[in-house]
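Next come two complexes, and both contain subunit A; in the first it sits with subunit B, in the second with subunit C.
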Partner chain A sequence: MRFAAVLALTFATQAQAQEPRLERLDSAARAPVAAVLDSARAAGLPVEPLLQRALEGTIKHAAPDRVVAAVRRLAGDLGRAREALGVSAAPAELEAGAAALRAGASPAVLAQLRRARRQPLTVPLAVLADLVASGVPVDSAASAVLMLAGSVRDADLIEFRRAVERDIALGASPATAATADAPTSLNATARPRSAAQPRRP
Partner chain B sequence: MFEREEQVVERIITLLRQPVGIDPALDRRVMDEIAALRTATHSGTVWRWVAPLAGLAVAATVLVAVARSAGPSTQDLQFVLVAPQAATVSLVGDFNDWDAARTPMRPLRADGPVWSAVVPLAPGRYHYAFLVNGSRWLADPAAPAASDDGFGAPSSVVTVTGGRGT
Partner chain C sequence: MPRVWAAVLGAACSLATPSTAPGQTTATLDLGMSSVRYDGFLRSGAASIAPSVRWDRPGGYVTGQGAYLRFESGNQSFQGTLTGSVFTAPAHRWRGQILASVGASSYATFASFHQTIGEARVHLVGERGGLWIGGTAGRASFGGANRPITGLAVAAWAQRSGVQLFASATRAFVGDTAYSDIEAAARSQRGTLILEGYAGARVWSRGGGRGVYGEGSATLTLSGRLALVLSGGRYPTDPIRGSISGRYVSAAIRLYSVAPRRPVMRDLPWDRSPAGSDGSVGSAALVEVLAQGDRAVRFVVRVPDAILVEIAGDFSDWRPIPLGQGPDGVWEGVVRMSRGVHRVAVRIDGGPWRAPAGARRADDDFDGEVGILVVP
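Moving on to the complex of A and B:
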């Protein structure tokens, strides 16, 4: 037990030595965050998002235990995202996948997206997380993104998200906005570009 | 005789999409600022969209726009903040190690209310926020909110695609 603690401390110290940005963290958060980074590195998970989350908490003067908790939570989400998306998932996909999971999407939705889309999943997953942040129920957001992901471009997904946000700002319920705008985006993509009608403002 | 539910919803959405009347003076002030902005930026700038005016109610309106490609895999994104009372504004986020000294925003006109910074970003999803006068955190009211980690200050999210960001 004592040996394991010493080993963990040694790894954490090494991680600190390798990553000068850790010096910006509160001293109480530095070693635990370094240990999380080291574990993530050993597991083949991207480390940069974890470090950025720690730096964000630090500059916002969050308590060290909150910073450590946020970094640990993100490391867990990145791991779950990789399980759902596969070991070949790119770091940006894992980061977006972690955001989608944090928003409430299930790992099964991430796996479905992987099967539905050959292109990178960063934007679909980001749009899913952003829709939930806008108030769209996670099931509605997941259904809409799954409907679109197989056939539309990243730019169309971004435009879909904007359309939903615009409708919400105009008073539509988030679920209705997502449900109503998804087929519109799909149809606009299926139609020849020259025939596509501009959206109303 | 009776409309189907989908038709009712469609009609409601159509009504909701009707333009909302805005004070013409406000419209003119905002368009003047945008015109000044366009003049001050790279000649190849393409403005994708302008943030909703609703943000004015919180003393600041934020715009994010794609400027031009900075390379084969990055985009120059222009972050714009309208903050009339600000003495200093910093753009901080995942892309600059949350270092307030790294990306100071600059007023587009001397003593003007519009602050701007351009950052080259590779495709991905980034958290960011504005630090006003060194102490006040401001999220982008026109961008998706980042998940709350209990840090006590809000952040926003920008997603950069291969072709543009939002």
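Moving on to the complex of A and C:
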């Protein structure tokens, strides 16, 4: 046990020595984050997103334990993303995949995207995360992105996401507000009205 | 009547047409208890089950709503409405819309109501507000008696910082009955709480009743797919659907098929005070993230009276980058970013780091939010 602790500390010290940006972290977070980075590196996961997450927590004055927890959580997400996307996935794809998983997409969807698209998956995964985070059901978002991912360019996917946000997200756009919520006494679905209210004796 | 059904068919066909922009289906189920007093009757309690389904796709939607009520007396009420809508492609600031709806209701042993309505609207759409005018035609039946429905409505709406405001005026004719409704409505969403309400007045009425009315509701999200809905108010007689005026209070549990969406805000009230202070210094700020060529992203922050505006993100190793001050309270900066997904935050006058309004926001793991940018 003591040997393992010494070994971990040694690795962490080495990681700090190799990565000067760790010096910006709170001293209490530095060694644990360095250990996570080292573990990720050994596992073949990208360490830059982990380091960036730690730096983000630092600039936002997060408590050291929160910073460490966030980095560990992201490392776990990156690992699950790689399981779904395959060992050949690029770091940017893994980061986007981790965000998609965090948003609610399933690993199976990520694997389907991998099979459906030969081009990089970074943008499709980001669009998927955007849609799911916006409240679009995972199945609908996944089927939409899957349908498009095999044949369209990244820019088209981003435009698609904008179009969906504009036309579907309630309250997201003027057009939606005009159509989904505009009142009229001849259209019962238009005016704010509780579905549970009694309407008839 | 054939024209109405043609509109319904047209809407359905348009919505069913295969397209590269798919739709999504959402549903809710309200389980509630109500206390209702119809004008001229004693107060009565009722249990209600109210499902609703909505299918959205770019350019249109279909909604279905139903309600089953069982009153203290043992009498039962059924109501259902199916509505479809399609929009024309925008032409500058104009847009057309066609709506069609069918519905029915029944109570105890009384004859049932049925209605079929078609409506056409022309919208003038602005960035944060708009106007529309619409005409309605249809038919309502009560038992074996059919009555024509016609109407004209004009409405205006505006959207400001999470609050949507509406105003409308309607003139409706249902057989020999005629009435005008003037209404104002508001909807606000702050965090897990949604407040909705409207107030109206029925005037120039012949057989449709007169007076003021209004309803309000509060929807509090309890967890991802569960909410508490409290509502109450007074509503007018509805000659189309066969309900008489009444007052009610209602409490319901709402189950969502998917978690409710958080509205995408284009403008955010910014707290520019340092973190931990009382936040007394507030100002409206708008951040635009404009992608330029060669993977450069231009940040534009409009905050008139700021002294210092900074951005930071994974592209800067989370070191603050001050933006340059331009005229009229505009702060700008261009940042080169690699292809992929980036996290970004903005700080004004040393205040807390916030997600820019022009980017998708996500929880940042540190009790705040961060902006997400995608650089293709």
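Here is the rule we use: the second predicted complex is superposed on the first by the 167 of 201 C-alpha atoms of A that agree within 3 Å, B and C clash if a C-alpha of one lies under 4 Å from a C-alpha of the other, contacts with A are read in each partner's own complex, and residues count from 1 in each chain.
Quick note on the criterion: a residue touches a chain if its C-beta (ideal position, glycine included) is under 8 Å from a C-beta of that chain, and two chains touch if they have at least 3 such contacts.
Here the structure is a predicted model, which means the values were calculated and not measured.
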| task | Please indicate which partner A:21 is in contact with in the superposed arrangement: first for subunit B, second for subunit C, both, or neither. | result | both
| field | Which superposed partner A:130 touches (first subunit B, second subunit C, both, neither) | value | both
| note | Max touched-residue count on subunit A (subunit B vs subunit C) belongs to chain C
| said: Just to be sure I read the superposition right, which of the two partners does A:147 touch: subunit B = first, subunit C = second, or both, or neither? | reply: second
| task | Name the contact category of A:115: first (subunit B only), second (subunit C only), both, or neither. | result | neither
| task | Could you give the residue numbers on subunit A that contact subunit B in one complex and subunit C in the other? | result | 21, 49, 52-53, 55-62, 66-67, 69-70, 73, 92, 95-96, 99, 102-103, 122-123, 126-127, 129-130, 133-134, 154-155, 158, 165-167, 169-172, 177, 180, 200-201
| Touch list for subunit C against partner subunit A, complex | 20-26, 28, 30-32, 34, 36, 38, 41, 46, 48, 50, 52, 56-59, 61, 63, 65, 67, 69, 77, 79, 81, 83, 85, 87, 90, 95, 97, 99, 101, 103, 105, 107, 117, 119, 123, 125-130, 132, 134, 136, 149, 151, 153, 155, 157, 159, 164, 166, 168, 170, 172, 181, 183, 185-187, 189, 196-198, 200, 215, 217, 229, 231, 235, 238, 240-244, 246, 248, 250, 252, 257-264, 275, 312, 314, 317-320, 338-341, 343, 345, 352-353, 360, 362, 364-368, 370, 372, 374, 376
| field | subunit B-touching residues of subunit A, taken from the complex the two chains share | value | 21, 49, 52-53, 55-62, 66-67, 69-70, 73, 92, 95-96, 99, 102-103, 122-123, 126-127, 129-130, 133-134, 154-155, 158, 161-162, 165-167, 169-172, 176-177, 180, 200-201
| remark: Within the complex, subunit C is touched by subunit A residues 21, 49, 52-53, 55-62, 66-67, 69-70, 73-74, 92, 95-96, 99, 102-103, 122-123, 125-127, 129-130, 133-137, 140-141, 143-144, 147-148, 153-155, 157-158, 160, 163-175, 177-189, 191-201
| Which of the residues in subunit B end up touching subunit A in this complex? | 9-10, 12-14, 16-17, 19-20, 49, 52, 54, 92, 94, 97-100, 123-125, 127, 137, 144-147, 149-153, 155, 157, 159, 161-164, 166
